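Next up: some structures, all given as structure tokens.
The same chain A turns up in both complexes below, where it pairs with chain B and then with chain C.
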Partner chain A sequence: MKRNMRNFNEKTMKFLFFIGGIGTILILLLICFFLLAETANFLKTYPIWDFLTGTEWKPDEASRKFGLLPLLAGTFITTFGAVLLAVPIGILSAVYIAELAGPKTAEILKPAVELLAGIPSVVLGFFGLVLLVPTFQSAFDLTTGQTALTGSIILAIMALPTIISVSEDAISSVPASLKQGSFALGSNHWQTIYKVTIPAALSGISAAVILGVGRAIGETMAVMMVTGNMAIIPWSEPFLSSVRTITATIALEMGEVAQGTEHYYALFTIGAVLFLLTIIINGIADAVKRKHHRGE
Partner chain B sequence: MKKQGLQNIKNANKSFASVTILAALILISLIGAGCLGQETDNNVVVSGSTSILPLAQSLSEKYMEIHNETVISVKGGGSGTGIAELIDGSNDIAMASRKIKDTEVTNAQANGINPVEHMIAKDGIAVIVHPANPVKNLTLEQLQKIYSGEIRNWSEVGGNDEEIAAIARDSSSGTQEFFTEAVMGDVELRSDLITQSATGAVTQEVMQNQKAIGFINAAYQNANLKTIGLDVNGTVFMPTEENVLSEKYPLSRGLYLYTDANVKEQADEFIQYIFSTEGQKIVREMGYTAVQ
Partner chain C sequence: MKTGKTAYRKKQDAYQKIAFGLMKISTAVVVMVLLLIIGDIVIKGAPSLTIEFLTQMPKNQMTEGGILSCLVGTIELVILALSVAVPLGIVAAVYLTEYASEGKVKRFVEQAVNNLAGTPSIVFGLFGMAFFVKYIGLPQSLLTSSLTMGLLILPVIIRTTQEALLSVPQSYRDASMALGITKWETIRHVVLPAAYSGMLTGIIISIGRAAGETAPILLTGAVYFYPKLPDSVFSPFMALSYHLYVMATEGMNIELTRGIQYGTALVLIILVFSMNLIAVGLRRHYRKKGIGSN
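Moving on to the complex of A and B:
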């Protein structure tokens, strides 16, 4: 009797876990299907070539231009800027926490980094809008301080926790024997860090960077508040010009768009583009991580 | 070893119990939701334009103080969303800062809904610049050229030799739609528009940027902003209440509520309240122009 009950419990639990696991995949498949269906609706009426090579995004009735390039440029510029800022700072602090800081300092630093990840993006955006935007406008004598650069700085702050904690893990998991070998050969601490520890942890650090990029590319609220949302391709001054990201465009225009119109489908289509970008980035991060594990 | 086995069974029982509790909770909330659904008779759902949202909220608060049997829930979403929800029957009253479109009327009728229009207030769009900007007035034509990109420097309209930072709202804003229709017509907006997601973001940027020009609901004008007068054939109009009501000020518009012709009694009473002396007093207090 008891055994039966136990068996029943076992089976029920297994089934519940199965539902949970399958459920997540089902949701993902549904979202994929939905995005693809809406994209197909858009491409039925709007030529795919015009979408992919269009340099203007003007959704109003008079213009009806849905060019992907300015939005893609905005997303790439802000993300690239964020990586340029966050990667050096992130790796330096990861090395410091993992290798140089005393246990007490590390104990304060690690939760502090995690706390940084907990700041709501809208708060960061507001901070950027009232502090960074006017400062940059007067510093660089710009038409507006709402630029790709302000967006990059905010995104860098948001990507830092990911980059720091993942690279710190990678650096900490470098076997002590490697470092001891380096010390035994007469290298000092600094030489050991940059000749042995960092190269040994490099694939982990790369994965951290790519995950940070993924974090930056999908961020919406803070970016929308500080980049000026200008749908242009800023050839001359990419970082000091206003730009508009894919995410900001969806958030800005979703509210009022009439269901079933070309504009509505266009927003889903750029959503699908963003989804594709994220899949590619996660794929790269996975591949790099796998290489890292093989390396061990 | 044996002890651990026992522990596992205990844990399994524990988690089984927690799953049961969870299932019970879900069941209870479902039943609860069902009960809520049945209460809709006294529940009036109002949704749509965010420009009308603050007005509708204070109107509904005052209304519910008198009629505590009715529950009015007001939410935003934008004029288009509000009308779309009226069409699919998920709200009782749609708020719109523009007139309903012909296509929307057709869609509604196909769904068995006959939209009825109620103009509850009037509202003006104020064109704003930084207080240090020497420009006082603009014609509609100059405004159009600034937003089409033909005029790019403040010196071309009598200001300092500085580039113009033209600020607009996102395409989902009713204010933006109204501005585009009234000022731009068929002329395309410039590509290098700074686009903001909220009125607050527009005022913030204009307050801190001497090169900026923007437009907002006239109710949001404040002392930190300079309102530009609009020049119509040599006469300058400011977005004052008088000029908005008479529509002498060129950027004036009506604010509308839409209901089905076969409207719920409670919703109809609420609309009548808005047109009452008391309701129109609230309209004035909120910075809009009353219609009665």
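Moving on to the complex of A and C:
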């Protein structure tokens, strides 16, 4: 009797945990479903081609223009700038922490990187708004300091911790025997780093960069506070113009639209585009990382 | 021949000097950025940080007074979000590490967790709005925000719990099973207690995350101004993160209320950093003990 009870308990718990595990898939599917359902509502009244190739985002009743391109441009320009800044700084710092810093220094630097990662995006945005924006405005003599450039800098700060900690992990996990082989052949430390260590950690470092990109594309508050939010494709001077990202558009406009209007559905549609972008990016990072693990 | 080698060495050593110099500069830049941000906010925020600031409601169209309602709102939000995410996350993590056998289901669940972790916070906000508010019909409130935030921190909880469970030596499980104790009892009495501190670290990290996130609550229940503390979970609420955004971009007098803005930013940073520090301390503590780490 007791044994049966125990068996029953075991089976119930096993089932419960299974449901919990499946629950995460369910949540992801629900997110997909609701984004797609609202996207479908939008595409019922708005031609998909006009959405994908439209160069104007003017959501007011009179204009009714929901062109994705200016928002995509804003997202890509700020992210691209962030990558240009964060990738070299991030990788160089990761190599420093993994290869050069003594154990004591590393013990300080690693939590410092975590601390940087922990700064809430709204605080970073605030910092950018009160310190960076006025500085750049006077430095470049602009009408507004809220530009793609300030957005890129803030995004770079947000992407840095991801890039540093993931690449540092990859670099640290390169087997010592590889490096010793290089030293034994008479290479100095730097030659060993760039001919042996970095190539061996390359897939991990690439994954770090891709994850950093994902973080930058999906960021909302910080970007919205420092980029000026002009939904115009900045053909001339892309970095010194105001831009508006996909994320900022959703955050700024969702509060003002009535549920069930075309504009409301349009915001879900750009949300779906953003979701798709990050899923692709995370998929690539995942594949690269798995290759790295097999490589070991 | 010999001089040639020396020249080569010299050249290589010069390259090394340059490369290492660049590494040091990069690291210094990272540290300086961190210090600059923290320094700016601490120095300019400290004067605002008085007892009254923490215990008074915003007054006079939020140009005076404190941030009590935001502080309470954020704390309630964090507690509710945790009570959604912690049980769910632990169950999912136990499934992944203890029950799931290698195969498609496990891979799918892990993929799902990865994708959830990479999903932008604003997308969670959209989902919360479409599902909890529009579909289920809940009012935009503390409850809908907490549910949304709970989903956002779920992957963090799952991953850290998984790590903690994986670091419990297999011998513990084997020993328990050898005594004739069933799997669930082993998990409950042996594995979970041994993984406890690691799990706690994850929970503490997600407290910081939930307190700092703005985008998801912006769409699901946080409001510009609410004259009283939230009286139920169905009431709209103010939160520190959203308050900072509002005050810095749409406030009644943005320049004049800089003190309030810096004060709010400082409170947020203190909240998040103290959580991080506790997590780092905990991790060091149990690393020394040897259990709960690899």
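The rule is short, and it goes like this: the second predicted complex is superposed on the first by the 284 of 296 C-alpha atoms of A that agree within 3 Å, B and C clash if a C-alpha of one lies under 4 Å from a C-alpha of the other, contacts with A are read in each partner's own complex, and residues count from 1 in each chain.
Throughout what follows, contacts are C-beta pairs under 8 Å (C-beta built on N, C-alpha and C of every residue); 3 or more make two chains touch, one makes a residue touch a chain.
None of the values given here were measured: they were computed from a predicted structure.
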item	value
Chain touching more of chain A, residue-wise (chain B, chain C)	C
First, second, both or neither for A:Val133, with chain B first and chain C second	first
Partner chain(s) touched by A:Leu28 [first = chain B, second = chain C, both, neither]	second
Which superposed partner A:Met254 touches (first chain B, second chain C, both, neither)	both
Touching partner for A:Pro59 - first (chain B), second (chain C), both, neither	first
First (chain B), second (chain C), both or neither touched by A:Gly204	neither
Contacts of A:Gly214 with chain B and chain C, given as first, second, both or neither	second
Which of chain B and chain C A:Glu10 touches, first, second, both or neither	both
Touched partner set for A:Met225, first chain B, second chain C, both or neither	both
First, second, both or neither for A:Phe275, with chain B first and chain C second	second
Those residues of chain A which chain B touches in one complex and chain C touches in the other	6, 9-10, 13, 16, 129-130, 225, 251, 254-255, 259
Residue ranges of chain B touching chain A (in the complex, touch as defined)	9, 12-13, 15-16, 19, 77-81, 84, 103-104, 163-165, 170-174, 177, 180, 184, 186-189, 191-197, 201, 204-205, 208-209, 211-212
Chain A residues within the chain C interface of the complex	6, 9-10, 13-14, 16-25, 27-28, 30-31, 34-35, 37-38, 88-90, 92-93, 95-97, 100-101, 109, 111-116, 118-127, 129-131, 157, 160, 164, 187-191, 193-194, 211, 214, 217-221, 225, 247, 250-251, 254-255, 259, 267-268, 271, 274-275, 278-279, 281-282, 285-286
Chain C to chain A touching residues, read off their complex	9, 12-13, 15-16, 19-20, 22-27, 29-31, 33-34, 37-38, 40-41, 88, 91-92, 94-96, 98-100, 105-106, 108-109, 111-127, 129-131, 134-135, 151, 154-155, 158, 182-184, 187, 208, 211-215, 218-219, 241-242, 244-245, 248-249, 258, 261, 265, 268-269, 272-273, 275-276, 280
Complex interface listing, chain A residues touching chain B	6, 9-10, 12-13, 16, 56, 58-60, 62-63, 70, 129-130, 133-134, 137, 143-146, 224-225, 228-232, 242, 244, 251-259, 263
